[in-house]
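By letter and in written order, the chains are A, B, C, D and E; residue numbering begins at 1 in each of them.
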Amino acid sequence: MTRPILKEIKMDFFSAIISALKMIVSLDPEIVQICFISIKVSLISTLLATCAGVPIGLMVGLNRFTGRRLVRTILNTLLALPTVVIGLFVYYLLSSQGVFGDFDLLYTQSAMVIGQFVLATPIIAALTVAAVEGIDPRVRLTALTLGANSRQVMTTIIAEKRYAIIAAIIAGFSRVFAEFGISMILGGNIKGITRNITTAIAFETGKGEFELAIALGIVLLIIAFGVNLLLQLIQKK
Amino acid sequence: MTRPILKEIKMDFFSAIISALKMIVSLDPEIVQICFISIKVSLISTLLATCAGVPIGLMVGLNRFTGRRLVRTILNTLLALPTVVIGLFVYYLLSSQGVFGDFDLLYTQSAMVIGQFVLATPIIAALTVAAVEGIDPRVRLTALTLGANSRQVMTTIIAEKRYAIIAAIIAGFSRVFAEFGISMILGGNIKGITRNITTAIAFETGKGEFELAIALGIVLLIIAFGVNLLLQLIQKK
Amino acid sequence: MNSEFIYQLTDVKKSYREKNILDIPDLKLRSGQIQIMVGPNGAGKTALLNILSFLEPPSTGQVQFLGQPVTYQNNDLADRRQQVTLVMQNHFLFSTTVFNNVAYGLRKKGLDPTIIKEKVMTGLALVNLSDFADRPAAQLSGGESKRVALARALVMEPSVLCLDEPTANIDRRHEESIENVIRQINQSKGVSVIMTTHDLNQAYRLGHQIFSLVNGRIVTTSMENVFSGELQETNGLKYLELKPGLKIYVDASHPGPIHICINPRYIILSREKFKSSARNVLTGPITNLAFQGNLVRITINVGVELTAFITKASLDELGLKLGEKITATFKTVSVLVP
Amino acid sequence: MNSEFIYQLTDVKKSYREKNILDIPDLKLRSGQIQIMVGPNGAGKTALLNILSFLEPPSTGQVQFLGQPVTYQNNDLADRRQQVTLVMQNHFLFSTTVFNNVAYGLRKKGLDPTIIKEKVMTGLALVNLSDFADRPAAQLSGGESKRVALARALVMEPSVLCLDEPTANIDRRHEESIENVIRQINQSKGVSVIMTTHDLNQAYRLGHQIFSLVNGRIVTTSMENVFSGELQETNGLKYLELKPGLKIYVDASHPGPIHICINPRYIILSREKFKSSARNVLTGPITNLAFQGNLVRITINVGVELTAFITKASLDELGLKLGEKITATFKTVSVLVP
Amino acid sequence: GESDRPTQRLKITTTTSVDNSGLLNILLPAFEKEVNYRVDVIAVGTGKALKLAKNGDIDAVIVHSPPLEEKFVADGFGINRRHIMSNDFFIIGPPDNPAKIEMADPAPDAFQKIARTKSLFLSRGDESGTHQKEKSIWLASPMNIGGQEARLEPKGKWYLECGQGMGATLIIANEKNAYCLVDRGTYFAYKKKLGLVILCRGDQRLLNPYSIIAVNPARYPEIKHETVIKLTDWLLSPKIQKMIGEYQQDGETLFDPANPERN
């Protein structure tokens, strides 16, 4: 049971950055695994949340229906869902007594994905609403008069507001990538299976290994930076 | 020193909502205090973060300078700052050996405000960037040609993009209102002083009082809803 | 199926809040023609074009398109919108290149890329912007941008082309070439064109039919000689005083601010004043003489500019010259109050 | 301080990427006048107005404003912008009410609310939109919206008013009243007006001075008779073939697509063809006769419409009538190739 | 609110198990009044508690990990370590007890039975007091099943580490039907939710002693050392010790008073 890096690095605060870089360069298998789990789970949940959140956001942001303002307020309110509460809520659904107990999903990456999906969807939806709400009405009219059907009008609106919608998706990704409560409750921080960067950070913090925790936090930020760069490249194409 | 509500309510999952309403109606002094601390700390930190984040967002979103794309990517990356890492980082600053150790701020509401400020500022800034980046260039030109100075141009841009900027502020508020890591590390979950809704939820969860934790989560959402309604009223004026 | 008319509007009204901005009891538009709508700002021209291009439903009333009533259900509208393309007064270009803008509608149709490319380049050539294909749409001048919007509509080859002030912001040369394009697609491809303009000369040059909209109502007169003012009454005679001493007698019931139109065909020109039942008799010098189709358009400065149409034969008979004084006579009842 | 000229531009160039869109070696604009800039789409009119209203700096060259060189430092610009107001071609209204839009600049000046209210209502009255104060700006028709933008600039009472196609989208009545407003603030308040238009009649009606911009260069001729085409050469003679058989001989060196302008003052009209050194001799019927200030503007259809200016005396002498055939003669060197 | 309480404050950390029991909420108000101090209780794991103490950010710790405590004192960070109370650990597991451990088994033997049958075992794996205790039991020689040689290492798919607090660990163990080591207080707090039952208890090695340690005032002069000493003495006073022994939750005694011999 060796954890060469996690155990041996003891450093002072200002060398945390160096050790973070060391961690990345060293490619310590445990760190690599932890990062991989974080990235995989967060990307999948963000992807799913995008598929749900962007259409919801478009629907609420573009249509005028009664109760629209209420729906918007509810979406905004859901931004304040604490991860612990989402975690507990999904826990009840997935636990052996729960509705989906038969699938035995608790303490798996799938459970984390479900929880993070619940977390990210309202974020992406609410920010998509903000992005498209003030859109020039001529975008829709122009698309319609050039023969676009409803679906095509939507993709046109997305294309016009691509920067703001990608910002919404980035905000969603960042939130789930940095969240901790859901991963802890639904993943269980089980070593090698559901231990991701944030639960590892909490774990090291609990042990009093603050510097190591901060170094892991920097690793997380470096990865987030990489993902952002990637998104920006996609966006430019 | 009794905690009638915190201790006595034991309920099944589906009655959590009812107990949440009961909590609010009953105005149990401890619950009231916990909610008050949450609201007070989050509002102050959001206010400060708005004062910092909106100008930063406007600067980055509206000006074309070299390295702008990098700054934007960094802002987006900072969205992924885990609260635990912020907590630890600020802890080092405020700890008795830290730069600000003399102020003895650790485990006070001020410490929580500082941490939450660090959390919310990049959120508000990044979403403000997204809001103003695609702004019609004529807004700026029209303001300038009507004799507006730089500051007045900014307020005009804010007024034009008010919905998206308020959405940014709401996202910032929601994030700090629902966050837990900073409150825990910097506040210490001290009863009556720094115990807010999220640390109370974690506390009850730790004791196995899941239903109570969920009920508290619902209380949190109800408060968030109220704050959102309020913001909407301000926005409409 | 009666497709002599592309549109038949019955009792169509459009209102925003309480304000009624369109009120059209009956309007039939023939297919295969260039129909031109004129009228003052806020008359409802854009609102009517939005209804004709199925972007907005009327508040009440029925619209028939090619003999079929329009139900304003989603599928119905999608089909119809494929056949009608509108170039908005305040057009919008997507934030991409000129090429992609013009290709937009063709791509939504799912055409083959090589065909799209061909059509787009043909379209850009029509508006003289072949070199602009790769330019970002945001970097065009006002007129260039408008012409791209026109090309984008033209490549769609719709059955009906609605144009809301298509040559505003466009220079004279291109105005002419765009007029030619409009004429050409109307003649060679049988596209029905419905357009608005504030340039009456353009309307006469292009239109098979011209109709006017004033205060949301169709008026049958042309839009020459539209004046507005406060209705006044002295000795039972109702009139509008356009300038001190310049009165136009009208036959109107409701007092207050009104628009009036004087049909230039009903104005009689003579070298001398003559006694008649006509109450409006105004004199002034000729300031403009021009051919207008088979007619001659004569502008007389009677304090305001008054336009009259006469035949070429009358022109020769009267031997009118620029600068000559002449008298215009018309009856109270030929002053239209919409 | 020499304030005879509001602007003096020296060697001003503006380029986007590598493309040079303005190239003005020397331009002086007199103060207190109405100066009108005409030119084809993409000529650089809007780009020049943006420089004159200090919204964009030139790429190179010097701009003097009221005799002072403009440094393009922030403070400098803020001061100057207070004195110059621009109404953009593609104007923008803030998403608030009409009143707030018109009040915008006054509020930024920090004026008293009652004064603001007064000025705004006066401004709205000028453009005939007094009833529209409380309407959201988004709910206006195209022309109404443009008029609000005009009112918003007028209430600022600037020293210089730049107007980029102020009457595009505006109906004839209001066009006239806006022209009157422009004339009036120029005369009574001495405001210098610099405006663009594609309507040459308007330019002649309003302008103290008219100058043309073609391909980013100032040309001294008027914008009547602008043609474009491919320069061709046969037997050493260079010409533009506007239509089959309709050639205009020019004196140009660089081949390829060019614009040409023929100054209508240099066109000689005669009933008969006469022998001369002038190489361009074209014949056709008169299609339009009109007064233009002290001159008479005559349009002849020689295959394209050609405009000539003659004096009233010549008109009487020649006794020209609508429809008559007449010959236009002009020299190769009087065809300007900017 | 904050205002009507003394502004002088004493900051102590305690383990979550003590905080969750509610014991200090009952005890401390009397002390606060007596010394006119506000006592801020910060609940964190043993590792983090000692770290905060090392940094001088708190005045005293209440922890339960003798080896770490000894090291902490030996390194000069803390002084005046006093045993104030104890409770004990249980080995719990699924009722069908696949490893066939018995109530009276010595703890190391029970663990070895689990290892041998490769029954699922969930470790906290977080270097907490409980985890330290668990590791020491894995290292101890079993008595009835072979000797030192026969000792199996906790390794393999059956041995899971969750790195979480006691409560969360219990919940996971319950979902997974795994064995685990749990302290008395947390077990009773969660008992109603659990299908797991106590399978082994009573071994001396399962004793769980809590101590209070003052942060060394020589290192951090700003520490409120005098008050910490007062608190320590007060906690060890007969009246308070009696209260500790009598404190109950849901009908279960949670702590035993201090063993005077240890101090």
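By definition in this document, a contact is a pair of C-beta atoms (placed from the backbone, for glycine too) under 8 Å apart; a residue touches a chain by one contact, two chains touch by 3 or more.
All values reported here derive from a predicted model rather than from experimental measurement.
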Common touching chains of subunit C and subunit B: A, D
Length of the line joining the C-alpha centres of subunit B and subunit D, rounded to whole Å: 55
Distance from the mean Cα position of subunit E to that of subunit D, given in whole angstrom: 88
Distance from the mean Cα position of subunit E to that of subunit B, given in whole angstrom: 35
For subunit E, residues contacting two or more additional chains: 165, 168
Touching two or more other chains - residues of subunit A: 134, 185, 205, 210
Shared-contact residues (touching 2 or more other chains) in subunit C: 90
Pairwise chain contacts under the document criterion: A-B, A-C, A-E, B-D, B-E, C-D
Residue ranges of subunit B touching subunit D (in the complex, touch as defined): 136, 138-139, 141-150, 152, 156, 159-160
Residue numbers on subunit B that touch subunit E, as the complex places them: 1, 33, 95-97, 106-107, 188-193, 203, 205-208
In the complex, subunit B residues that touch subunit A: 13, 69, 73-74, 76-85, 88-89, 91-92, 123, 126-127, 129-131, 133-134, 161, 163-164, 167-168, 170-171, 173-175, 177-181, 185, 197-198, 201-202, 205, 210, 213-214, 217-218, 220-221, 224-225, 228-229, 232
Residues on subunit E engaged by subunit B in the complex (per definition of touch): 1-2, 5, 11, 16, 19-20, 25-26, 29, 40-43, 55-57, 165, 167-168, 170-171, 189-190, 193, 220, 222
Residue numbers on subunit D that touch subunit B, as the complex places them: 53, 55, 74, 78, 81-82, 84-86, 88, 90-92, 94-96, 104-105, 108-109, 152-153, 156
